[in-house]
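Following this line, the structures themselves.
You will see chain A twice below: alongside chain B first, and alongside chain C after that.
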Partner chain A sequence: MTDDRSSPGQKALGHGGLALVLALVLIPYVYVIVTAFKPAEEIYDATWLPQRISFDAWIEVFEVNRFHLYLWNSLVAGAGSAALAILIAVPGAYIFARKEFRFREPFFYMIVGTLIFPFILLIVPITITWIRIGLFDTFIGLWLAFQIFAVPYSMWILRGYFAGLPKNLEEAAMVYGCTQFQAFYRVMLPLAKPVIVSVLFLAFLQGWSDFLFSNMLTTGDGPRTASVAIYASTAGGERVDWQVLMVMTLLTGVPPVVLYMLAQKHLAKTFAAT
Partner chain B sequence: MHGTASGIEVRNLRKTFGGGTVVACDDVNLDIGSGELLVLLGPSGCGKTTTLRCIAGLENPDNDDAIWVRGRNMTRLAPRDRNLAFVFQDTALFPNLTVRRNISFGLDMRGKLSRAEIEARVTEAARLLRIEGLLDRYPRQLSGGQGQRVGLGRAIVMEPDAFLLDEPLAALDAALRVEMRTEIKLIQRKLATTMIFVTHDQEEALTIGDKIAVMKDGRVQQVDSPQDIYRRPSNLFVATFIGSPPINQFRCELRQEGGEVRLVSPIFTLSLPAELARRFAAADRGLILGLRPEFVEIGREAGGIEGVVRLTELLGSRTLVLVDAGGTEIRVLVQGEPGVREGDRVRLVLQLARGFYFDLDGRSLL
Partner chain C sequence: MTEFDGPQTRRDFLKKTTALAALGITTSLTPDLVFAQAKTDLKGVTIDYWNMIGVQNRLVRQLSESVVKAFEQKTGAKVNVTWNSYGDIIGPKYRTNFQGGVKPTVFDAFDRWTGQLRPFLRPMNDFIENNLDAQTRKGLQWTLPLVQDQNRGFKDAKNICDLPFALIPQAPVLARRDHFEKAGLDFTKEFPIRDTDHYIAVCKEIQGKARIQYPTEVYGKIWDFGDTQLNGWIRSLDIETSDFLDADWTKSNATSEAWIKGVQFYVDVYQKHKLSSPNTPQSTDEEAVDLFIRGQKSIVHCDILNRGTLLEKMKGPMEDGTVQWGPHFPITGGKSGSSVFLAMATFEIVRQEGPDAALKERAAFELIKEWLLPENQIAYARTAGLCAREDLFPKIVGAPDRYGEVGTAMLKGAGVWNNHPRSVDFQYNLLAPHGQKALQGASVADELKAYAEEVNAALKT
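Here is the complex of A and B:
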């Protein structure tokens, strides 16, 4: 599109194509937003815009469905999983990036290689184990289950970054008064900030949006997350209050978008090369 | 008791990598007096950086009693406990800190001085290095020379027992390198702090060192004043590595003939001066004559070694003349105008009394 030599016709075609793609992507979202503000009686009307803006569905979502509790659960699940992933992956990635030891490379690729394994297959054994050791229907159980995925990709991203940082910087820190640990957290960690923010974002997103693990590992009495609550509210698809469903969808979908915008600068730095 | 009272002593330092397969330093011995500026000189890969890193504690020597500072064995101490300041070849400034915070980093970590005292030291160092105007910049906003000044500032404020500089000027352009080496020496003199300065540049070493330690293949070849390194190299390697343009080498036979000692090579047969002849009085043997280009003369009279001028190169106040003498290239350094041109036939006179004499293993015979 930046080619100045394209004719007006080509340009129009290009812009038209762009508009079409944009519309295809955006229409579902617009539909969600519009529906969330429609009164119940207008739901099956063919009109785009509601006759009357209604907040009934919003009130119902909080008062009847008590959806804020599930949002809170999603937040705790996502944030806890992200924190745990960082706590495990940062030292792990650092050791794999900096220390020499036997079988370092095979060992590392074994860890990263687990990403290829279809982790869906692990759900049943994990559920059984969690029930047996008392982690079923707990946040800790959720957090640990998420790590199966979060730790390998976090380590993958972080190790690449740590390996690329000049070793001299740590050595300078150690000459000028730091212990090895201080050199790491005073010099290496601040430099790794964009990557750490990115990894936190990805791990949070995974925990926040997860459906499969949360659905299997939690119940309505425990830390059921928002995405599972949305599904449950339709009673498995038998009863659908569209406007309520759309409000819940909005409430669950917006936080990651906001987070993305906040983290965007760091994400761009981390993934610039790809 | 090992070690001089306040200097640095390196004793039988050995450092290997890769489970002993790569020997970076082998039996390195150095004795650096307090306030002295020692230059570690040698070609790339000879173990200079490794030696310096062992002194700083960034590498772990193979032997337990290799590094002594102020009479204390520091071999296994952490870098931060040695009170030595390292200046890195690529500056290794902290990119996320301003110049000011980079310079104060060590004092901030040490935490013994008040904020005001730290600021005073930073200001003082910045003035000495003429970087007062850069204090609020970030390292990415500095030129190469400025970066090295900041690296020096970070070292100076520590008031360490010694400065360890690893080729600090290698990345700078020639003019700046010459300017900064003088400046570094002046600062070292002013602070009277021991300094070890690593370089592969023999000219740099000769100009700034109080003493020079020449290294090759992980071993120290000679430690001496610049004058002695230049005038009395202890082996052929030192003789060839030091000096520019490099020395002429002649493989010769020593022969006793009719009461005289003669030096015989494919292109000349010369009588040794009486004093040298006495030293080499032993039986016939092979040796290597090393002669600096300034000790070869372009003669007028008959005699001497015949040759043809191949090339003349102007080196400022002096001229290098390359002469082809029967297939052997001889470098001649002439003050001012050479008085000869390419293609001229010349006769060369070797000042044998100024020559270096080595056995066939390269050890000095003098």
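Here is the complex of A and C:
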């Protein structure tokens, strides 16, 4: 870090260091973007810029791989998972934060404690169960499976935020004629907007980029997500079309980045407050 | 090797094969015109086809789609195609889905990965006997004993549950003529490689004179340590103990002399001769092909499946003969007469239930028959390997890179790996870590002993 009292040499060193770190972070992304526009015959050329800009990989991704369908599935999987996580976690976290009842702490830590359980151990029993109860290869099945992770960490974040709000807020609302639910709905929820947006973002991100459940719980023309489609295009076999893979990677990576930029303020507030 | 003699120009090859492949695509897209007499009425029947072979290779995927379309038009049946990855069948997905009741009617796979699913598979002996035309049956006949052999540990080994449609002999050698010439070697005399002594000598010449730092590669990564060139070297020393398991699937063969000698040579290429890159414990044949394309490798073992990539990425050298295939070669002194294992891409039909079960199974076989038509077999072979039908081999030779000549020559006396329900573990998951330790300096004999103990313990459970 440099400040106003730093010498020009120190400043130059600081900025140089930052530039180096920035380059290290950005180079892989730049390479992905450049490769996505390279023709197949130039993929292994040790040059940064393509001699000819090619959209072949982009056409293949949409026409042959029909990747837009998988992106749509990821969107629905992520959005549904986020909505469900909020519906379950917000009231749950509120109760655990603001109400006194027996075994409150053990119950809460039982829920949050599931986060340390290795999910991969659940995958086979969940798959068999989902097949038997008709949830296999459905969005609902995916949304429910994602909650195994989304609900505990959402409650963890939300509870911390609700617990930090002044205790007399609800009392004041009730003095002014609100019921308990109205106090929650009209006072607490608006105050929790930044953290709810953050949790929505994180839960969406988990559903959007999940591979484990999405791969095991879907098949065929069902709600197979983009991450599974990328896997199918690279796992095994003797051929990796790097330019196609890079296009898929870009298309899958851009929406979370855009969402992050939109939710950035709320995320900063959330992590400062919890 | 006289099979590789005789100059072939690109024009010769194209003349012979383009017309056939074009017929394949044409007949697939407009089947009514050409195969009207072969129509089979399966109207109203819907089958599920889990497709693995076409998922990664654009050309194979397009061929696969046209084959399915042709089948639908000819028969009136409908096919729901699901594209799956290799990892789905190697990993728990297929097994879990099958056990849960989510199963296709027909799927394709590699021959030695289906043992875990055998209870779900419908034998095809009756279909082969009664529903396959004489020419196709004759062309495939030679593969059936191999299929039975690799399933020898099952009580119903005589049942053909895996019907080959494509072949991947392990593993031919890809060489760059320009590197040989740069090192002052006469390519016509020094290639194909004769044995491992010759291999080391040629690589050292190239390393020293052509300044290719690591002219070849042995592979340490999980999927390639146990299925590319190592097994052929072991087989060249002793056929009997070259498979991962013994004849009746009761114990591992890995402590045999042939295994120890074969793995030791494999390690020596990297450790002693310094001909393989520092990345060897984690390297793959796909990466070696990348380096080969970039001119950083001179001689690499790889599947003919890589041919599509090579044609796309280095078309010129493939067509002017700069890049050539050669057969896998024995360890010096290996007198077994075979240095090849044959992997086969196969079709499987899943036992169906319900009133229309027989009809669905028949429809599945009709789809397989579509894949076995000459034009589709040849079109597949041109981009991704060898077709299974022996009678069509003459149609796939003549390319300047000689993939057809080399691939078919390697089939003579080739062995097959067992299809034990845990073959994936034996061949990949359990073996590779020990192989990697050996590559990093551990005793080969000790690592193979430890591996054999793990396999033997697994066989008892």
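As a working rule, the second predicted complex is superposed on the first by the 254 of 274 C-alpha atoms of A that agree within 3 Å, B and C clash if a C-alpha of one lies under 4 Å from a C-alpha of the other, contacts with A are read in each partner's own complex, and residues count from 1 in each chain.
Definition applied: a residue touches a chain if its C-beta (ideal position, glycine included) is under 8 Å from a C-beta of that chain, and two chains touch if they have at least 3 such contacts.
What you are looking at is a predicted structure, and each value in this text was computed from that prediction instead of being measured.
Taken together through their common chain A, the two structures put chain B and chain C side by side without a clash. When both complexes are overlaid on chain A, the residue A:L191 reaches chain B alone and has no touch with chain C. Contacts of A:E171 after superposition on the shared chain: chain B is touched, whereas chain C is not. Between chain B and chain C, an angle of 160 degrees opens at the CA centre of chain A in the superposed model, to the nearest 10. Applying the stated contact rule after C-alpha superposition, one finds that A:T219 touches chain C and leaves chain B untouched. Residue contacts after overlaying the shared chain place A:Q182 against chain B, while chain C stays out of touching range.
Judged by the touch definition given at the top, the superposed model places A:G9 against neither chain B nor chain C. Note on chain A: of its two partners chain C and chain B, the one contacting more of its residues is C.
Once both complexes are placed on a shared chain A, the shortest Cα to Cα gap between chain B and chain C comes to 51 Å.
No residue of chain A touches both chain B in one complex and chain C in the other. Residues 48, 50, 55-58, 61-62, 80-88, 90, 92-93, 96-97, 99-102, 223, 285-286, 289-290, 293-294, 302-303, 305-306, 308-309, 312-315 of chain C touch chain A in their complex. Across the interface of their complex, chain A is touched by residues 56-58, 78-80, 84-86, 88, 90, 92-96, 105-106, 108-110, 154, 158 of chain B. Chain A contributes residues 166, 168-169, 171-179, 182, 187, 190-191 to its touches with chain B in the complex.
Remark: chain A residues 40-41, 43-44, 46, 60, 64, 123-124, 127-128, 131-132, 136-137, 215-216, 219-221, 231-241 touch chain C in the complex.
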